[in-house]
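Next, two complexes with subunit A in common: one pairs it with subunit B, the other with subunit C.
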Partner chain A sequence: MSTTTTRGVAQPAPAKVSKTRPRRGLRGNPTLNFWLFTGPFLFGLAIFVFVPIGWSVWLSFFDARYTVTPSHFTGFENYKQILTNSEFPDSLLTFTVFAAFIVPTTWALSLGLALLVNRLRFMRAFFRSVFFLPTAVSYVAAALIWKMSIFSGVRFGLANTVLGWFGVDNIAYLSNPSPPWYWLVIVSLRLWIQSGFYMILFLAALQNIPAELYEAAAIDGAKPGWQTFRHITLPQLRATSTAVILLLLVAAYQAFDEFFNIVGQKATWAQTPLMELYKTALGTSQDYGAGSAGAVILSLLICLVTLLQGKFMGFGRGEDK
Partner chain B sequence: MSALSNNNWSRRSIFRAAAGMAAAGTLAACGSNNGRGGGSGSGEQLTQYFHAYGEAGTEQAIKRYAAAYKKANVSTNWITGNNFESALFAALLTSKAPDVFEFHPQLQMVKSGQVADLSDIIDPVKDDFNPADIKSHTVDGKIYGVRMIDDPQFFYYRKSMLEKAKVDVPTTLEELVEAAAKLTTNKVKGVFLGNDFTAIQNVLIFSAGAETIDANNKIGYHTDGVVEGLTQLRKLFTSGNVLLDAPTDFWDPSSLNQGLCAIQWGGMWSMPAMQKALGDDLGIFPFPKIGSSGKQSVYNGGWSMFVNAKGKNVDAAKEYVKWLWIDQKKYQEDWATSYGFHIPPRTSIAASATKLKSGLPAEGVKLFTDYGHFDNISYDQTMQTAFAEVLASSVRKNGNPEAALDTCDKKVNVELKKLFG
Partner chain C sequence: MTSTAPQVGKQRRKNRGALGNTGLYVAVGVAALLFLIPFYLIFRNALSTDPEITGENWKLLPSFQWGNISELFDDPTVEFGRSMFNSLVVAVLTTLGTLLVCSLAGYGLARIPYKHANKVFYAVLATLMVPTAVTFVPSFVLVSSLGWVDTYRGLIIPGLFSGFTCFLFRQYFLGFPKELEEAARVDGLGYWGAYWRIVVPNSLNFFAAIATITFISAWNSFLWPLVIGQDPSSWTVQIALSSFMTNQTVNFHLIFMATAVSILPLVFVFLFLQRWLVQGIAQTGIKG
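This part shows the complex of A and B:
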């Protein structure tokens, strides 16, 4: 027989809500809660995303010049026009090549920076901030600095001033497409402004890798450095890498700001798909039908590339698969 | 516990803060740069769109004129940057569309019903306008815009530099290419045609003896003369004697004023700033002729005032346009001659504009009179963009001029078909 007694010992308070009685009010109505919290966002999404997408698809089948409420149905005429009588297909090709270069380059640079910062024993926060800060700079502001201060074609430009010390003549980086120095300007800007953001993603992923894995690998005889990186670190970063590559791919096809401000619209080179659509729909042509057709094509292409990338790289799979 | 919960945030303090923010927002809305012209007028509220002119004082002038109008409260949207067209066209599709805006005559805007017929306000003074300006704004006998200023564009040059290099003023494109070579030093380039050459795309056509669109609304630019012009421009582009990637474009006088080039393409609006910087060391000449059938040319740019036909206050907007750009001759002369130099499209105002009567401004007026070419209302923005791509492909990118023109023809013909069937 137990000698213990419960007298004088505080008992847990009984639950205020009876199991048999449903909760009332906000806490008791999950459907209401769902709409309360997601409703405003769904409403915004519908108004600012789905309606414009639907409207754009609708416009793409109409002759919509100087109006977004057209009446003349033209079928696939706008698709034919944008694919055969515009620079849009060339821009898609150019930016597939651009993506093929910039995606792995940015991936490698941001991963390298993350590894570097992760190994630092002091001033890690400082260097993390230094590499991340360019992300906060506006593409437009950065493009103007690159164009007017660093890569200006006259003798006052920083790059030309430095070259001048070595007796090299002024280079017109942007107006002259041969040799294509404009890629140097654009790629350097894009790497500078983008790498910090992806470095942060990789840094977070690196810090999530359990230290036990490295200890176990060391016990098993793995050499630190390349061997550990290849067989432990890289596989553990697979999910992050997949996400980074996906984001970089989409960003490459959606490039606009720096190209618009560096190369401009009055060129037949380095015109991004979005710039071509801007010229067609929102520029002086005001052809919303053809522009919408191009937007539909570009959206489908981005979806296709994303799905293919997911198929090859296993988007959504965990590190353990 | 979050840091926030440590604060003494009461319901009352939150309301107080919200009220403060609302008041601050209201005050901000009454602040300096809300686009209002400061008009003291009552009744209708009108909005006008202007692109940002580079000459100091222009924005204040436009707002001053608007403020003087008493029959409506006119607010001014002064659009900076290089996307005035985009901002204007996007706005015209919305309920925030301007009632009045400046732009260039465009047939597509007339056909799509975007601009109102202004014949009734212009007809009484039609004979006082430059006939070419009236023609370039007329469709089927109706006039769709009031010309505010004519902007002749020609070459400016440093007299001392040409004298030192023993170079005569070029009268043919070949001579210009040769002059650029002689004028180029390790610090100065021979000539500046704008950073992308599109500033000269229309005058190139005219100087080759061609037209953009002919009288039958067919392509007029695809001629042997234009091909020859493109070929010579390519030679100039690759010679290293042309200024490229300048910090500012042709519309700004800085390239000539700062000694980056000896000859610069520009507009008459830059003349006061150039005279101030260079004094008498400044001359002007028209774009040289191209080929045997070419002729020297001056391109006449300029801006016109239009009324949004789909606006809510069309009648009030027309009344305002009539008041400012037809009745107020003092403002028109002030607008044309007090900042940059422009030629007033009204004959009576041009005749009385003393600043344009002597010296270099008078020479500019004479070039405009002798060699001026006006916009064709049928040659729309899409066609101009297509021809800009010809310059990009064949001059800046070593493409075949004939092939580039063929590509341009396809796009222009699609456009002509849309406009004329």
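This part shows the complex of A and C:
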């Protein structure tokens, strides 16, 4: 995540203590006040974020089945186990493919919507609201609609009803992994929920592009449309694009809600990494050691993908304008 | 781009644009229609009878079975009212708690001079690198060893300490006009007084934006309540909805009514608070 272009750099501004003002005992003591303000948050962060992370790393080196206070150190056994004896590596591979697909499509759709809405002269707020509204819907609720109404395999599903008008037979979208129609269900759901949010980010960025740039381009003979978009709009959106792609990547690897509800845990296909971890750690085997090892692997993978993306996209380059 | 286009080009654009404009509105209209279909389906199905949902004779409008609402809440096999209440408690308290804890920390990090503030800030930033969903296993272990499974404490407290929200507040306070606080401090207010009497009242827009975002994500969250809510009495509405999908005894019209009821509050929150939401999201610094 990065800062706003105008406001911040990643450094606390050490507010100078005004020299004219006399210190007033405890009330003016910066150190005490610093801890008064940040203390509750840091305490909670330590307990509920740092401890679980540390515990996770620690557990991943122990044999911890049905227990979270393990005694038997096993080194990298858990890592070996989850990488060879489970569906976890498959889920990582599947989700790399999923990310490779959902990230560009969401990027393109949200940018497209932003460009359209930005050009509207009337009813701009209305259309913006319409595209933004799905952000309010939970993945669970959306999964219900997608599974039981739009893509239900029988005739009353919307998709099959529409296909029926063209004489196409019913498609069982979810009960059969080949052909993998279930991806159509999942991807369309995710596009619907996600795009509006990123559209807002693009809209904000579009409105920050100085009009002079377009004037200058017009004087230089750039044709409105593709040329202007390619040489002015797109480069100006670079910082936002980078942030959007980063958020989308992380979200893709963390997918859980709609897969859990649409595909389910019993299916052998489309199991997300988090679902595998959920099954390993909280399912019947209660293997906290292997689950933790998987969590560590997934975290490292997300960090790696983030850093790689930074390398290719020039993460943060747009910040110091 | 039209709105920011230079005045000179306007006339020319107008002459050329009549057709283009129609095309633009058709494109936007079609897209909007596609985006609205799921909402339509929820409310259509929620107010239908089961045969109307699953039958062959598919009609655009339902027969408006308003009785479905009371049927849902009266159904003794589903504690739907209870789960709505749980969600409300969790979402409200999570929002208030997050605002309080994270805004204070963000202010401290942005404004109070302390020589190790940088180190503290980097520790907070580091938590952003680890995806929170990945730590659910040890978090569950921790919360269950505290005896907080199936409690509001377990559902609420671990979610209050969001490094990201703290970061957003810090960025916001860095941009807050310093002169206002300094005047207050010269007048004899301490940091605490200046914060509550000057900074907070002048930042309500930003607080509203963060509150909306936090409320929505708390209301919609699924994985953590799923892990923590072992007993149906502690289910949030998302878990209840999810259980409908595997539970064969619930009828279609009730499932859709439950979905409708679960999203209606948020749709209202959304429509009323949109101004802040959009502003907030555009401002929060997610935009890179």
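Annotations for the structure displayed:
The definition used in the following text is that the second predicted complex is superposed on the first by the 292 of 321 C-alpha atoms of A that agree within 3 Å, B and C clash if a C-alpha of one lies under 4 Å from a C-alpha of the other, contacts with A are read in each partner's own complex, and residues count from 1 in each chain.
Note that in this section contacts are C-beta pairs under 8 Å (C-beta built on N, C-alpha and C of every residue); 3 or more make two chains touch, one makes a residue touch a chain.
Model, not experiment: these values are computed from the prediction.
When the two structures are aligned on the shared chain, A:L282 is found in touch with subunit B and with subunit C.
Legend: residue contacts after superposition of the two complexes on their common chain; A:G153 is shown touching subunit B, with no touch to subunit C. Of the two partner chains, subunit C is the only one that A:P30 touches; subunit B does not reach it. When both complexes are overlaid on chain A, the residue A:Y173 reaches subunit B alone and has no touch with subunit C.
Within the superposed three-chain arrangement, the count of touched residues of subunit A is higher for C, of the candidates subunit B and subunit C. Contacts of A:V68 after superposition: both subunit B and subunit C are touched. Touch criterion not met for A:I219: it reaches neither subunit B nor subunit C. Legend: residue contacts after superposition of the two complexes on their common chain; A:Q254 is shown touching subunit C, with no touch to subunit B.
Touching of subunit A by both subunit B and subunit C, each in its own complex, is seen for residues 68, 148, 154-156, 264, 278, 282.
On the side of subunit C, the complex with subunit A involves touching residues 1-6, 9, 21, 24-25, 27-28, 31-32, 35-39, 41-42, 45, 53-56, 58, 101-102, 104-105, 107-114, 117-118, 120-121, 123-125, 127-142, 145, 157-158, 160-161, 163-164, 166-167, 170-172, 174-175, 178, 182, 185-186, 188, 190-193, 195, 216, 219-220, 222-223, 226-227, 238, 241-242, 244-246, 252, 255-256, 259, 262-263, 266-267, 269-271, 274, 278, 281-288.
Those residues of subunit A whose C-beta lies close enough to touch subunit B in the complex are 65-68, 81, 85-87, 148, 151-157, 169, 172-178, 264-269, 278-279, 282-287.
Against subunit A, in their complex, subunit B makes its touches with residues 85-86, 89-90, 92-93, 108-109, 112, 114, 187, 195-196, 198, 237, 240, 243-247, 260, 381-382, 384-385, 388-389, 391-393, 396-398, 410-411, 414, 418. By the touch rule above, subunit A contacts subunit C in their complex via residues 1-8, 10-18, 20-21, 24, 27-28, 30-31, 33-34, 36-38, 40-42, 44-45, 47-53, 55-56, 59, 68, 113, 116-121, 127-150, 154-156, 158, 161, 192, 196-197, 200-201, 203-207, 209, 211, 214-215, 218, 233, 239-244, 247, 250, 253-254, 256-257, 260-261, 264, 274, 277-278, 281-282, 288, 291-292, 295, 298-299, 302-303, 306, 318-319.
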